[in-house]
Structure formats: C-alpha cells, structure tokens
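For reference, chains read A, B and C in written order, and residue numbers begin at 1 within each chain.
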Amino acid sequence: MKFKGVKIAAIIVAAVFLLFFSNDFGLIDIEKTAIITAVAIDLEEDGEYKITAQIAVPEATDTNTENLRAQIAGKGSTVGAAIKNIGDTSGWFPQLCFCNLIIVGKGFSDYNIIKVLDYFSKTLRIQDSALIVMAETDGAELLKLSTPLDNISSFALQKILLKNAGLNRDIAMCDVKSFCTGYYSDAGSAYMPLIKVVLQKAENEKTSAEDTDGAESSGSAGVAGGGSSGGSGSGGESGGAKGDAIFNANTTALFLHGKKVGELDADLTLAFNALTRDFATSTFEVKDVNTGGEPLNYLLTVFSCKASRSLTVSENGITLHVSLDVYAKISDMNGETSDLEYIKNLPLPVYVKERAEADFTERITDLIRTEIQTGCDFLDVKKELYRKHHSYYSVYKDNFIENLSYSVSVSFTGQK
Amino acid sequence: MIKAFKPRQICFFYVAILPVIKFFMMPSLICGISGEDLWISVLINCLVDFTAIFIVYICLKDADCDFFTLNERLFGKAFSNTVAALYIVFFLLKTVMPLNEVKDYVEMTLYITSPSIFTFMPVFALIIFVCIHHLRVVGRIADGMLIVALIGYAFMFALALPNTDFGALLPVGAHGAKNILQGSYVSEPWFNDCAYFLFFMGNYVKGKKDGLKIFASVAVSAVIVIFFCMLFYGTFTSIAFRQRFALTEISKYTTVINNTERFDYIPIFALLFTAVFSLALPFYFATELFVRILPVKRNLAAVIISLPSIILLLFFEEYFATVENFITQIASGFFILFGTVFPATLAVIMKIRLSKEHKFEIQRG
Amino acid sequence: MNFTESLEKNVAALKKALDSDDVKYKEIKIGEKQGCIIFVADLTDKSAVGELIIRPAANFSGVPDETTLSETFLSPETENETAVEKTAEKIVGGSSALLCDGVKTAFLFGLKKFDKRAIAEPPTSTVIKGPREGFVESLSVNVSLMRRKLVSPDLRFKYLSVGEFSSTKVALCYVNGIADEKLIATLSEKIKKAKIDAVLDSSYVSKFLGEHKTSLFKQIGNTEKPDVLAAKILEGRIAVLVDGSPIALTVPYLLIEDFQSPGDYYNSSYSATVARILRLLAVIISIYLPAIYVAAQLFHLQFIPLSFLLTIVNSIKGIPLSPSFEMFFTLLVFEILNEASVRMPKYVGMVVSIVGGLVLGETAVNAGIISAPALMIIALSGICLYTVPELEQTFSVLRLLFLIIGGSFGAFGIIVASGVLLTYLVSFENYRTPLLAPFSPLIVKDLKDGIYKGFMIEQRLRPLSLKNIRTRRAKND
C-alpha cells in the first residue's frame, strides 16, 4: 500500500514537472501579447465599429529607453468582434487588462453609446474602472496625435484626466462603471468629459527651430495654467517639440438614454464638480471685480466646500434646493497688493464675496437650466426622488423635469 | 473524551471562514430580485440561521457529545444513519454553487487562457487533504485563518468605502416583501450554517459564557456579510445585478488604484485563501458523516465524497445554468429544511428526551 | 566471561578482546604480587596514571587483595568490574584498568585525557550583544557549561548510552519541577531503544526522536549556545546533549522558536519585534516571490504594474528559456553556488562568490540566457532565506515546490498549495505539542513571545504551548 502511494506520488510529481517545463496549456507568450493601454472606438460608415488600440511596445535594446507607441485597428459588427479582429490581423493577443482609457469618437454623438460601452462593462478582460471620454474628433485620431505631455498620447490624456485627483475639480471624470450605472439608472442619464484638441503648431515650429534636441527639452518646460478653473494642466502647455497637440477636457458631454443631448462648458463643469465632489483645495477665478476703481481679477482657493442638494416634493411639484457654502481665501489678484485685507488674508472683501456668490449662483442656475433643457438628470433629481420621496416617485417618475423648480443659495466666507 | 474544539475556535470559524464564500455570486443574485433591499434578504437569512443556532445551543448545551452521536444514542442507529445520509446529501448540495462560482471566478478573473483542469482542479487536492484530518484541524484552521480574513476584510472594506453610495440602499423595503423573501429563498444555499454547528455542539471544551461568545460571533459573521452586500450595492447601484463576482469588483474604484495598479489583489487573495477552506468544509463534514455510517477509511471516504463534484465540474459544466436553477429554486427548500428546521426541531425533541431520562434517573435514585 | 585469579589468563582474555595496537599493557609490581595496567595510549592522562596508580602500587607492601587495593589508589573516579567484555568497553572508552594476580576484579580509573576544541562563539548563531560561548564536542565540557548557567540542584542530567559500536554518551538535561516527567521517560525510552551502529552527531539522535519520520519540517529544536539552552529548559523543554556533538537538541519544538534569535532577548523589545516581523516577511518573500513572479508572467499579467511589466518584457526579449524554466535554471545555479561556497575551503570561497555572484550573473544576463529581473528575484529570495538560517533547508525545498506549482498552476495553485501547507502545519504535532503554537491553536498568553516580543517583566508565565509542571515563572511568584 505504501509502495503504491509512493508510485502515485512519483507519477503526480512527474506530471507536474512536465507541466512546469513545457508550459503546454495554451498559454500566450508574454512577447506575443499586445499590452493595450487605450482604445478608441469609431463608428464606420457601414455601421461597423472600428477599434483602434494603442499598444505599449517596449524597446528591446535598453530598459531605460522610453517605450514606443503603436496603434492597431480592427473592425467588427460588435466591439468584441472588433477586438478579436485586432488579434486576428496582428497576430498579437490583445491584453486589455491595462487599458485604462476608452475614447469614443465623435461619430457616436447621435448614437446610443451604451451599445459600445456595454461590452467593457460586461467583460472581465478589462477593468471597468477604465476612464471614458468622448472625442471632438475621431477617437483614433486622438490616439495618433503627438503631444509634448507624453510620448504615448493615451498616457498624456490620462495625465490630464487623473491629474491632481481630489485637488483640482475642473474635469467631470467618468469611468465605465459610473457611465453604465447612470445609463441603467431610472433616469438613464450619464456624462463624460469631452476632449478637445488644442493644436500648438506655431509654437512648436518656433521651439523646434530653437531647440535641436527637442525630445529631451520638452520635460516640464512651460507648463502653465493649472491653477485657474479653465487651465486643467493641458490648457497652458507651451513648450516641447515632440508633439504639436495638447488636450482640453474641461467640457462635459451629457447623455440621456445613451445619446448625447448637451454639453457643460468649463464654468458649468466646475460648478457641477463643486456640487457633486470634494471641492476643497480647488481654485477659481473671480473676474472683473468692481473695487471702486479699476476692475480686478482674483484667484480664490477653496478650503472647504459644503454642497447640498435636497428636494421638496408636494402635489404642486418638485423643488430642488441647492446650497453651496464655500470657505475660501484669496490666492492672487492682478492689482497692487496694497489692499490690506488681501495682505492679511482677512475676511473676503465684500466686493469679492458678492461677486463670487453672484458668479456661482449664476453658474448653478445655468446648470439646473441645462438639466431641464436637456432632460439629462446629472444632478440626480430622480434618484433623490426615488430614495427620499418614494411615495411621490410613481407620480413624478416620468415628468419630474417638467415639474422641477429650484432655489439656489450660495455663500462665500473668508477667515472669520 | 477529548474535545475537538475550543469555543474560541467556533467563534473564529464563524467570523473568518464562513462569510467569505458569500462574497462571490450571491450578492448579485439577490440584487436581481430584491434590488437595494438585498441586505434585508440577507438579514432574514442570518436571523433564521441565528435562531436555529440559538435553539440548538439552548437545547443541547449540556450534551457531552455532538448532535449526530447524541442522535444515535437517543433514537438508534437506523434513524441516525438515515439522518447522517441526508446530511451528506445536504453538504454535497451545499458545495455545488460555491464550487461553481469560485471556479468561474478563478477562470474568468485570474486566468485568461488556461483550461480549468490546470487552474481550478487542484482545489480538490486541498479538499481531500483537509478531509483526511481529525476534526480538531477545522478549529485550528479557523485559528490560523482569522488574521488572514481580518486583513482581507479590513483592506477590502477600506478600499470600497470611499466609493460607496450608501444612499443607494434607500428607500428601505421598496421592493416589497415578496421580492425580499424571494431574495432570501434563492440565497439559501449559501446560508443554513447551523448545520456546521451540529458538529461543534457538545464537542468543545466548555468555559464561561460560551453561548454569548458563539452568538456574538454568529452576529459578527452576519454583520460582515450584510455590510459587504451594502458596500456592493452602494458601489454598483443600478448595475449591481450584472456584477457576477462581487469580491473582485468592489475594491477597484478607489483613486489610489489608478496610481498604484491593482494592489487590491492583496485583500482579494487573502479572502480567496479563506474561501478555499470555506469550500472544503462541506466536504469535510460530509466525509466525517460518511466514515461514521460506513466502515471505510477516511482517505477513501474523502475521495468518494469529492468524486461527484469533480465529475460535475469536469463533465457537466455546460449544464451549470440548469444546476444553478435547480439549486437556487428547487433545492432551497431542502436547505431550509435540513439547515434550519430539522436541526432545531430535533434539538428540541432531544432536549425533551434528555430531560425525561434525567428525571427517570433521579426517580431511580 | 569473568576474570579469574590468574593474571596471565586475565591479561590474555583482555588481549583477545582488545586486539589493537593502541592498547598498552604495562606490567607493575604491587607488593608481593604482579599486576598489569591496561589503557589506550591516546585517551589516557599518563602522568595521572603514574602519580595516582603506579606510584601507590610501587609503595604497596604485603599481599594485595580487593579491599586493600581499593584503598591504595588515589584516583577519585574508581570502579570495580568483574566482566572481561565490560572492562574492555570501558578501556576503549578512556578508562585505565588495573589487574592484579590473585584478584578476580579489574579496577577501572577515570583518567581520560584527550584534546578538546576550545569554547568559542558558534558560527551558526552569532550575536552582537549577549554571551558568546558555545557548546563543544565534549559532553563533559557541555555539562559544565550548563552547570555554570543554572546553578541549581534542580538542573538534572540523565546519562544514557546509544550506538552499538560507538556507545555514545547521551545526556538528557532538564529542570526538575518544570519539565514534564512523562516526556522525560518517553525520551529515555526512545533513546534506549534506538538501534544504530554509531551516533556520530546529535542529528542522529534527532532522527529517532522525531515522531514523523518523513516530515519536511523540523521536529526537534537545536542550539549551540548554553544560554539559549538554559532559557529553553527553563520553559519546560528537555535537552539532549550528545557526546561528540556541539549541537544540543531540545524537545518539544515549536516552529516559532527559529524565528526567535538569541539576540532578541538581549536587545530592546521594540527592535526584537521589528526584527521578528522582518524575518517573517523575509521568509514569505523568499518562498513566494519566485513562484508569484513566474505565475504572474505566465498566467496573470494583470498582477504586474504596467511600468514593471514593460521592464520585464524589455529584459526577456531574446531569452531562449520559458519563464518557468528560466527561474528554475536561475534557482539551480543559485543552489549550486550555495552548495559550492559552503563546501569549498574558505580562501576559495571568496573566489566562488565573486565568480558566481558577479561574473556568472552579469555574464548570463548580458549573454541573454537569463533576464535581470529573474536574477534579482532569486538573489532577493536567497538573501531572505538566510534571515532564518535554522530553517533554510526546509524553506529552500518549499521555495522550489512553490515555484513548480506557480509555474504549472498559477496563482490559484499557489493559494491551494498554501492551503495544503497550512493544513499540514496546523495538524502537525510532536509529543502532543502543536508545531504552529501559539498561533494555531491560538494561545493568547504565549503571543507575548511570538512574533511580538513582549517586555521581559510581562512574561510571568512559561509558554503554555509546552507542557510545564510549574507554569508561573519564579521571579513573579
């Protein structure tokens, strides 16, 4: 019996060794794997989907050399088929687990976008924490662009989308899960950043002429902006000869039942973020403040921001109450710094406070108006109705937008 | 008689090993029926389990042997063997859903290309290895796994919390009693943990406030599962019912993951490590009963008990939808019967018989 | 066969039993009779023989008999023996024998003298702070070291002899009133029953003491330091000292023992705790890292951060070996270098290190045979392994096993194998002491000297993981 046991053990050990050394279980060689870092989806004229995958191609000769980029495209009647087509035509196994960015081309503006995004939500081959954006151009074009921010354009885009996470809220970031959650909610509303390409050609030519070794000089040269509400890290990029385009993601595309129904501009995106996310440490400009003399511009830094949205529901309709309490300090101004209140960083000057409150009240009002106009419930009114006023849900679930009125209250305080 | 367990080990068993197996498919399955009220469905199951454990404990706390041995002593070999055989079936059915879901989980989320025979089947080596050991190994595994499970829970919950919208669980009870109860019913295969308690009862070293400790641990176990379900629904809200593998899903949306890659695999692996023991337990207890009713060696019994599941996974994979339907819709009644109703009822009858015996002995002096 | 009254016959009988050239026979005159001293030249203190036996014999007058002879010799260690075979055994054991014409008894004198290694710091367990003396090969020296550490009548030694040809002296050492008497009896019985030709080292005895003959894990503790042994027997363990071995065995054994360095007790509790956590982490890294690396490359690329994955892909381009074979090959080279460096003379060892570590590694990477990450992982794993040198061999085998499982079945295989290992370890008992105590079964009070090293004054109890007669430590009574 004991000998039998030894024989069985020996056979098992031999089999495991054979497995170990042969690796003969249909494994895909790491070198034949395409490490996809981003995909762009475009709608072809024939109704098929074209998927362009950006692949990180390592440099074989030197581990310190920066990685090259490559794009492979595949076509198919479904997203899955198009991705399979990439593998079929290139011979590389498309590895999607590193794909952190999905770009939807402009062709999908009038299309139920969930038809393409649902694949990424369902499959376990990709992380549904991947960011999604819509391009103002074809998605593939965005991937092909050369940019000074990074030699892989998708990484550059991710830098903009993920920059200062939790700090600078000028982009309405969205991932696959958030989009699908919104789409499949009762309101059927979702949003994602709209990527605009800012060409820097003239400056690049100038820089190239001055700089013979442009690739290395791009580094951190000339990165400006960022602090202001419209900057977003991409806005002020000026140096670098490697690329000629940078990205702006401050606009937000709004979707209702998968179709694009509107946009939030940079100001409204900022207001939206102030209402829905942690807004502390953000900065924003208060322009043309009438101080009695020449109008001045101020830059305020938010130290804390309490936003609240609540509903009052009755037979007469729904009222959305939005309030925003901001505690901010002045960071900069474009006038003489003889202003004592500014120097000592005392309570916000009345004229700055009033202007900031007026600005934000207007922005939030516009935001609510946009919701009413587009029908895209990005302020989660229907969700709130369902959760906290469930008895009225059946009454208003189909006409909550029509019955929506609102009140906005914004207060800014400085040091007390 | 040397007792196999210490009360502490029973507590750890409930806190560390049992909750994890409920983190895979069960939350999404309930979500599909009772939506945001999934936690109420789970709560109902936990309360039923708790009640059954409470009754069994109160009735048999003075017993000096486990439920099955006592059953044989009081009702004879024929009855006790029939009960044991039914419990073998119970435990084997209890393994079907967890085995399949963990197999799918491993194949779909951890491996991309390998066939299941190389990826999942090694788990049977562990199952058989656990099964061949003495009962006290279960308690010791619980001791050893506590820290692993606690790290897994803490890490995973901490990662999931910032992205959880607990408001999504409102309004409470909107899906109606019928759906909530239906949610409880389909998730029966993952509950009915009172069946394990039948092996512990009378088989542990008695100490002070044992009952309180055990009830507290069962309650903590329930809280962990309910909290996980809340986190799960709060993370996915309207698409929760589509997320098959809650365990991998809920922790990956934290901002930190974007910067550091998937370090959430640390808690996932910690919990998966716990889950493989959780998988082995029904097999263990089925083997334990098998060797009690049939004169076979434990090694052989372990192989015989594991064989149906191996065959099911290897050759009948394509029937899984039918099997899932059978287990969650039809067999759920069987689970309630043998996991809750039967042990509680029999424990009460045993208590009455024991009291009568005791009185009779006093009368005889 | 017993001695007779005839000296001639007795000497002839002994010569037959001890037919070896190193046994010397010196004839002397004892009063009116003839006598003969028999001894092994290289084991005997000849000047002591001259002073304590020959001189008193020469001064003796009259007819010697057993009683008068016993009173004549000055040796402090004297015994009488009537059997020829036993006398022969004692002579080769280092005793000197005296036979006298007309006397049926042999007088045996304990006048052994042979070269001993000086007491030195054991190379396997050096400490920065703390006692530096270590056991030597002489049992008597080791016993004296223990007597000096624990000056108490409760320190007991029980002598046994084992080995058909070696008759090696074995001493069970324990503290009376603390050690479990049943365990002492069990150990004595096991040692007495040991059927072996010769015991050349204490490891021979440990093979008889282990209850699981085929186990990969250690079942018997060991130490070369008297201070460590004293601490261990004060916790209720029983030590086995073997003549000819500088390594003392201790029973029962807990796995955690080898994570506790002697230095931990001489440093602050904080640093000791940190050191123990580091050792544990290092062992985990050492066993799992190569396996996880191979499994991640073959099955789970998603585990590897993208930037590191690109580095790996860069470095493995053009390497002819599969990831699993590459790691196996690198591990093999490491083990060969390890084996060679241990066996080689010290002056060559340095060369091996340079050739192996620098030249071979660097060249292999440059030649594209192995990749730099694989080499780094094996090197890290190898270094980590030596944080717990006592268990290096066990962990080395485990590392290989896990590597093969990781390469064949991936991460889930590693999880399953870890499960099997845990089940094995928690069910493993030696002398009814669980190997994984105080973690499984959990013994909360013993956790004060587990991975966490509590303050000395906190440790009022001896480890409850071991069976003690007196669980409370004396100073806190």
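Criterion: contacts are C-beta pairs under 8 Å (C-beta built on N, C-alpha and C of every residue); 3 or more make two chains touch, one makes a residue touch a chain.
Only a predicted model underlies this, so the values are computations on that prediction, with no experimental measurement involved.
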{"item": "Most central chain, Cα average position", "value": "B"}
{"item": "Comparison of A-B and B-C by number of C-beta pairs in contact, larger one", "value": "B-C"}
{"item": "Whole-Å gap separating subunit A and subunit C, where each centre is the average of the chain's CA atoms", "value": "64"}
{"item": "Euclidean distance of C-alpha centroids - subunit A vs subunit B, Å", "value": "41"}
{"item": "Computed distance of Cα centres, subunit C from subunit B, in Å", "value": "46"}
{"item": "In subunit C, residues with contacts to at least two other chains", "value": "299, 302, 306, 405, 408-409"}
{"item": "Contacts with two or more other chains, residues of subunit A listed in rising order", "value": "19, 27, 95"}
{"item": "Overlap residues in subunit B, where contacts from two or more other chains coincide", "value": "112-114, 118, 262"}
{"item": "In the complex with subunit C, residue positions of subunit B that touch it", "value": "6, 8-9, 12, 106, 110-114, 118-120, 122-123, 125-126, 129-130, 133-134, 137, 139-141, 143-146, 260-262, 265, 269, 272-273, 276-277, 280"}
{"item": "Interfacial residue positions of subunit A with respect to subunit C in the complex", "value": "16-17, 19-21, 23, 27, 30-31, 33, 35, 37, 56, 58-60, 62-63, 67, 95, 97-98"}
{"item": "In the complex with subunit B, residue positions of subunit C that touch it", "value": "299-300, 302-306, 405, 408-413, 415-420, 422-424, 426-427, 434, 436, 439-442"}
{"item": "Sites on subunit A touched by subunit B in the complex", "value": "19, 25-28, 95, 100, 121-122, 124-125, 127-129, 162, 165-166, 175, 177, 180-182, 184-186, 386-388, 390"}
{"item": "Residues of subunit C touching subunit A in the complex", "value": "297-299, 301-302, 306, 309-318, 322-325, 328, 372, 404-405, 407-409"}
